[in-house]
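Order of writing sets the labels: A, B, C, D and E. Residues in every chain begin at 1.
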Amino acid sequence: MDELGVVIAFWILTVVTLGSALLIVLTRNIFHAVLSLIVSFLGIAGLYIILSADFIAVAQVLVYAGAVSVLMVFALMLTPREARDNAGNYLQLPGLALATVVGALVAVAAVTTDWQELEDDEGFDATSQLIGEALIDKWVLPFEVAAVLLLVAMIGAIMLVREDR
Amino acid sequence: MYLSDIPEEAVWAILAAPFVALALNALITRRWPLLSGLLTVLAIAVSFALSLWALDTSWDRDGVDLGFESHELFAIGPLVVNVGATVDGLTAIMLVVVSGVSLLVQIYSLAYMKGDDGFSRYFAFMSLFTASMIGLVLADSLIVLYAFWELVGLSSFLLIGFWFQRPAAAAAAKKAFLVTRLGDLGFLAAILLIWSETETFDIAEITTIALAGSIATGTLAMFLLGIFAGAVGKSAQFPLHVWLPDAMEGPTPVSALIHAATMVVAGVYLVARLFPIFQTDDNIMAVVAGIGGFTALFAATIALVQTDIKRVLAYSTISQIGYMMLALGSGAFVAAIFHLFTHAFFKALLFLGAGSVNHAAGTFDMREMGGLRRIMPITYVTFVIGGLSLAGMVPLAGFFSKDEILGAAYDDNEIWFAVALVTVGLTAFYTFRAIFMTFGGHYRGAATAPGGHSAHLHESPLLMTLPLIVLAVPAIIAGFINFPSEDLKHLLEGALPEGVEEHEFDFSWPIAGASLAMAAGGILVAWLLYGGQRVGLTTKPAFIRPVLTLLENRYYIDRVYEDFLVGFLFYRVGGGALELFDRYVVDGAVNGTAWIAGQAGEWGRRVQSGQLQTYGAVAFTGLAVMLIVYVAAVNP
Amino acid sequence: MLSFIIFSPLAAAAACLLVPRSRESSVKWVALLGSLVTFAATVALFILFDKDEGGFQYTERVTWIDSAAAGFELQYLLGVDGLSVALVVLTGLLTVVSVLVSFAIGFRQREYFFWLLVLEAGVLGVFCALDLILFFLFWEVELVPMYMLISIWGTGRKEYSALKFVLYTIAGSGFMLAGFLILGFEAGTFDMTALRDMEISDAIIPMNALFALLIAAFVVKLPVFPFHTWLPDAHTDAPTAVSVMLAGILLKMGGYGILRICITILPEQADDWALLLAIFGAINVIYGAILTLRQVDLKRLVAYSSVSHMGYVLIGAAALGEVGLMGASLQMVMHGLITGLLFVMVGLVYERTHTRQISEMRGLAPSMPFVATAMVFAGLASLGLPGLAGFIAEFTVFIGSFERFEAPALIGVFGVLLAAGYILWMIQRVFFGPADEKWAGLSLRVHWWEQTPVFMLGGLILLLGVYPTWLIDVMEQGVVPISERF
Amino acid sequence: MELTVEYFLTVGAVLFAIGLYVALSKRNAIGVLMGVELMLNSVNLTFVSFARFTPSEEQIAGHVFALFVITVAAAEAAVALALAVVIYRLRRTVNVDELNLLRW
Amino acid sequence: MIDWSESLQHMAPILAVAIAAGVVLIADLLPIPKKWLWVIALIGLAGSIAYSIWLLADDEQGSAFADTLVLDNFSAFFQILVAGATAIVVLASVGYTERFRVREGEYLGLILVAACGMMLMASTTDLIAIYISLELTSVSLYILAAVMKDARSTEAGLKYLLLGAVSSSVVLYGMAFLFGATGSTNLNGIGEAIGERYDDIEVAVIVGIVFLAGGFAFKLATIPFQMWTPDVYEGAPTPIAAFLSVGSKAAGFAMLLRVFYTCFADAEVADDWEVLIGGMAAISMTIGNLLALRQTNLKRLLGYSSIAQAGNILVGVAAISAGNGEFSIGAAGTMFFLASYAFTNLGAFIAIIAISNRIGSYEIADYAGLGRRWPLPAAALTLCLVSLTGLPVTVGFWAKIYIFNAAAQADLWWLVLIAVANTAISAFYYLGVIAQMYLRDGDQPIERRPFDIPLSFSVAATALGVLVFGVMPIPLIEAAEHAAQVFAA
């Protein structure tokens, strides 16, 4: 992966992703934070495309940038205006230090490990078929369980929100 | 001489008779006091009779041990405890003294203790004492001897504290037990030491081994010192003499029997029993002589100023035992036992006399007596006989025995001879000071005795005077047993192993004369100060006052022991510090650990603040630490 | 036979619970009957015990948990030798005594006797168990009963004391368990009879550390300075019967454990540790005695005296010779009898005066002659008077230890003087002196259930003091094999 | 320059750190949820990177894993937001600092 | 291709519960008496247990769904354990839901689904499947924790959820690294790869180990993810707290054992992480015990106690090097302890439900005098607390000895020492509760309510279990050892 375009795209997407993620931290308005989050999700989707993960990229856009973010906005709308700040708590500085340490540790581990990279690989052509086949063959059990999981989440969410008393 | 040899069973019966009396007293006859008393008297009479038989047998055998077998009591591996009876000259003499004096004292007590609530208990204790004392002299092994040694201590404790409602009596009993036990520690340690050397407790075997020289001199010296410590405690020698004067809180017959005639001389007996070993070490002998000589003088000086008649006699006892120790230390084995023998009679006589006086006057304070010679003639006469014997007037018993000691001291060490000689004078002085104060002059006592009873001055009943009269006889003539006849010497030397030499006594006129002169001088001074209506020095010169204060306070030794050493240093400072240590350091560490754990829990609870992100932060901190530590430990 | 002895108290305990609440006052008779049956069985065991035959007798071996593959095989393995048989009889006797002195317990009687008998079962189990894990099991059984007994029927800071006792014991026994497991892993068995024939020379921790782990529970139980502070609290606040059990038997579990497990299984390490043990024994004797002198509470005084006396067990055991070990064993039995009696007497005093403060007592002897006499007797036994049981044991300890460790033995001898000090001082202050009017109205009546234990214990103390051979002969059968390890 | 797996992993690590920081430091429960979503995304990025760069038995496994993570994250988000709504109804706040009835 | 019939048969115990869940959810919509729902749930659980036992007896073993799931002794053990615990929880919930008007349909359905998830956690052998079963359990439990819909319950739910999500991101990161380093999602594949080329990928594997251990800690309630425990136990409905403390914990340990004993069994790796797990165990038990000392609320106390007990169980996991060729002693110890803990802790919780239902308080102070006033539940609670302390004659005693023995055999003597010292600390607060019930007098009114048969049955069952297995623990031990044969190496 040494084409210039890809490299440039990688750097731009990285900057967008991480930058908008940082914006979530910095912004005072929680709606802006959600918007930054969406941008960050989209940036990640872009990175997926670089990684030739087309299906995941699409799923990312649909589920994260779409559904989850909308859900968050929706939840925010249910709460009144005064509850919509994006202030920090007492862990601002300790949290920063801790996050830096954890991130650094993981990054160092990632860099020092001798990953056995594929030779001259061009990545996947199209992934949806592969994923589909995997889901009904090797990982059919998780697939079914995930279905139950979604059902449970749905039932649970409804049950919790329903006012029955 | 007259009888066939005594069988072993009869010897055991000497011991058993008073024990039987004890058991019956304790279990059955509690409700019938008089029966208890008679039973005790009877039992001791049996013992006395058998003791005479033993003496007779021993005489036939020249005082050599009859050689009864030892019987195994229990055995733990190499530790074998045997019980057996030694009957040699020494034992025989002691048996007779113990059971004889005891018999008379019991008879006396029948009257003296009449009407006391604890009459039955008294005789039970007395039986216990007599039995233990007999056991002590019969014992053929150190451990059995030690056992009876402790038992006589116990009976002494019980009898001193007989009137336990009196705080002074209770305190004196405890003091007596503890102080003697302090000495006993040495005894016990000595037993441990000698056992680890010889693996036996048998006195004869130990003696043989020691004489063979197979025990290192240092070890043997430690052993002897330990034994002597026991003797010092029991025989109230300096510095463990403090218990004996206080022990006068017990009933007077008890003082006569236990604290004058028998138990207190157990120390002398013990040293005498081990005399063959003692005489191998000159240094130890010097220690024995030194302690004895010093105590003789020291106690006599205190006796000079005592106002309580029993305390005078008590210090006198300490002093006289000092003589016996001096004799032993000087190598005069026979002289010591001779003095023990005579002393038993005249001192018991004196004590019983004092009891008789008390019976009438209701007090022991001589300042409240006087003029009793007219009211109590028998008591008076017998008391004077005892006093003369004690003072060492010829030809009474005390003179001869004391003379032998003086002779031995003279041959051994002149300093102790001088001391002993001075003490003769002091002895005569305090004895006759007591006689004059008690019997001379006019009655000075209050109309009422302490306790509100009117003092009914009268001569004591026959049961009390009879023992006085009986005792007066040996107080006069007992000296002749060894002088000039040497019968006692014959009997006692048989008890010594072959080759052990004891001091050969040669009568010497100068020594006898000096002794007599000192005694007469003492009596004269006493008459000058206390004779007739005189009550001592009316004007006291300045130089003598501090001396008197010092003597009246018994050299402050009791105070130093009780208040400073034990009360302050040991109990308050040492014990107090240890108690604080226990409470705040040892237990404090325990409670502190619990407190720290509790505080840690409390602190940890506060961290558990309910704030969600704190939990996350803790979790990730933990994760980071785990990762860092893991990597650092594995070091990939 | 042994199973019957261990389980008969449990059966009696269950029977106690079955007594209907309406007839609660009759539960004590059930308990008495139960304890008597057990006692009779233990006496029979003692009599039938063949002292001429070596090894353990009346063994029962059933595999309980067989997981040998996991290195965890528990056998229900019981057996007695001369050492344990003596302690078993002592337990049976003191339980009868405890039940008797508990006749005056006023409330929650069913539970009380239930726990008391469960306690007995646990203790008997400890003395009979020959499997380390089984031993540990019985060792722990005692905790809940003790906790309940002290904290419900006790006095003073009873909960604090009960908890302290339990936590101390659990901590100690936890380390003991760790030691057992490491030992068992090394040896491949928890069978004590097998372990004592082995030479174990290596473990995953240093052998001397292993010895320390093994002895941890026992030094707490015995107790050894500085782990003793639970004892005065527990004794003081426990009801009389529990104090009797605690001082009379439970402390002996510590000494028994040292002899049976530490010294028998790891003789070499015992040899290495002996000096330290002797030193701590000597410290115990002196330290305990001096603190005893300082006590102002009658029960606490007796409790601290136990600390002092158990030091002799340690000194004797540390000598590692036949005489010393025998002395330690004898001291356990004798002290059980003597302190049992002392606590009974303290209980009787308390029952009458409702105070334990020595300063509030004075001249009690005329008000309670029986109690005073028995107390003096017990006190004399406690201070090591020849002719009474304590002397035999202490003397044997001294003889046994003097050859090996002179100084600790001599310090122990000094303790005898201090013992005389605190006992006599106590007697002087409590019973002697002018009678206090406060106590003039006390009833002179002594119930039969108060007298019986006194005569039982007192008689034995005297008998053993004069003629101990019958006990020594039996105990030697158990002690000699231990001493032969050295 | 050659883009290797390390680049993507590092981006993932940084994203994980930012997500963690957001989750730890935001007072609003929905803000915390955002942080969690970022962390999950960083994991997904890592999975997909491995699927692209490193050999494995089933090369697509990384994608499948990521897909499941997305699914689960969505489900969790739904439940979380439902809870946030309920809590807001009960207590008029979704401020994490104030949710401390349960403590100590 | 997948052999569906065999695969389904191999997961039949799980299916039975899943079907029961489905039937309950549907039946809830039908106009039938609600008590049938309970019956259905119990039938499903009983069927599951029966089927597991039948499979075991038949020695029917094998993998399913392309090696993402296995049926072996190990999974059967945990399936029975989970189903049994669930059944007890269900029984204990009957009166509880009635009293607090929780809707039975969803409640039961979620419990059954969570049980499915737990059983799957114990049976799956593929990272993806493990992850998804983990999440299935978690999501159901998040909702169940909040099911009371009052302030405390929802707060507990939200805390549980957010921390759970964070912890699963940690787990996922670890899994990602393992996947990247070994190229496999299958546990056996990962294990083989690590065995072959550990030196190359050591750092990644270390991150994987630490992150998996750290992330799983959330399920186990050990450090570093332990702090939610008391809060959630306090806020959640009590039967759910019981379920969390037993079922969820057991499943978590099953997962931990399966992953660590399969993937990281290589001696070179295990030597390092056994210290890590041992350290986690030591710190967890110490923290749990210390913080429990000053608790006044019984549910919170059990929360901290659960942290401490999880530390004890980790001792067994750390003892991986204790093996005899036939089975792993460490794993057997873990499982035996879990089984014992299931009886004990369920018993404790259910006794508390029984008592607190009537006195309306979880404060320890309000338990004063219960030993006299309501002896049977108090006795049951006492028994369980004694078992938690690890005193004879209860099953907890054997569990503790067995697991410490395993640690001793793995040379983890330091861990044993820390553990026994902790036993003493724990005795302090366990006995404190007993003291409250038996030593003091209290006058907290005991509400008169009709006799709750299912609850009483579950109290009796657990207490009896504690006692019976306290005398005869060998069936449990043998079962655990049988199951531990999976990790023979």
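Assume a residue touches a chain if its C-beta (ideal position, glycine included) is under 8 Å from a C-beta of that chain, and two chains touch if they have at least 3 such contacts.
On a predicted model such as this, the values are computed, not experimentally measured, just so you know.
Shared contact partners of subunit B and subunit E, listed by label: A, C, D. Counting hops only between chains that touch, subunit A reaches subunit E in a minimum of 1. Each of A-D and B-C has its own count of C-beta contacts, and the greater count is at A-D. With chains reduced to the mean position of their C-alpha atoms, the one farthest from subunit E is B.
Ranking every chain by how far its Cα centroid lies from the centroid of subunit A, the top place goes to B.
Chain centroids computed from C-alpha atoms place C closest to the centre of all protein C-alpha atoms shown.
One finds 42 Å separating the Cα centroids of subunit C and subunit E. Put simply, the C-alpha centre of subunit B and that of subunit D have 94 angstrom between them.
In whole angstrom, the spacing between the mean C-alpha positions of subunit A and subunit C is 70.
Each chain gets a centre from the mean of its Cα atoms; for subunit D and subunit E, those two points are 26 Å apart.
Listed for subunit D are residues 5, 9, 16, 19-20, 23-25, 32-33, 49-50, 54-55, 58, 61, 64, 68, 72-73, 75-76, 79, 83-84, 86, 96-97, 99, 101-104, each touching two or more other chains. Residue positions of subunit C touching 2 or more other chains: 167.
Across the assembly, subunit A contributes 89, 91, 94-95, 98-99, 102, 105-106, 110, 115-116, 138-139, 142, 146, 149, 152-153, 156, 160 as residues in contact with two or more other chains.
Shown here, the protein chains touch in an arrangement that is not a line, ring, star or fully connected set. Pairwise, the chains that touch each other are A-B, A-D, A-E, B-C, B-D, B-E, C-E, D-E. The part of subunit E that touches subunit B in the complex is made up of residues 158-159, 162-163, 166-167, 170, 202-203, 206-207, 209-211, 213-214, 217-218, 223-225, 227-228, 230-231, 272-273, 275-276, 279-280, 287, 290-295, 425, 428. Against subunit B, the residues of subunit C that register as touching in their complex are 164, 167-168, 225-226, 228-230, 287, 290-291, 293-294, 321-323, 326-327, 363, 365-366, 380, 385-387, 391-392, 395-396, 398-400, 402-403, 409-410, 413-414, 416-417, 420-421, 424-425, 428, 431-435, 467-469, 472, 476, 480, 483. The residues of subunit E lying in touch with subunit D in their complex are 127-128, 131-132, 135, 139, 142-143, 146, 149-152, 154-159, 161-162, 165-166, 168-169, 172-173, 175-177, 179-186, 189, 230-232, 234-235, 300. The part of subunit D that touches subunit E in the complex is made up of residues 5, 9, 16, 19-20, 23, 29, 32-33, 36, 39-40, 42-43, 46-47, 49-50, 54-58, 61-62, 64-65, 68-69, 72-73, 75-76, 79-80, 83-84, 86-87, 90-91, 99, 101-104. For subunit E in complex with subunit C, the residues that touch the partner chain are 322, 324, 326-327, 329, 332-333, 386, 389, 391-393, 397-398, 401-402, 404-409, 411, 413, 416-417, 419-421, 423-424, 427-428, 431, 434-435, 438-439, 473-474, 477-478, 481.
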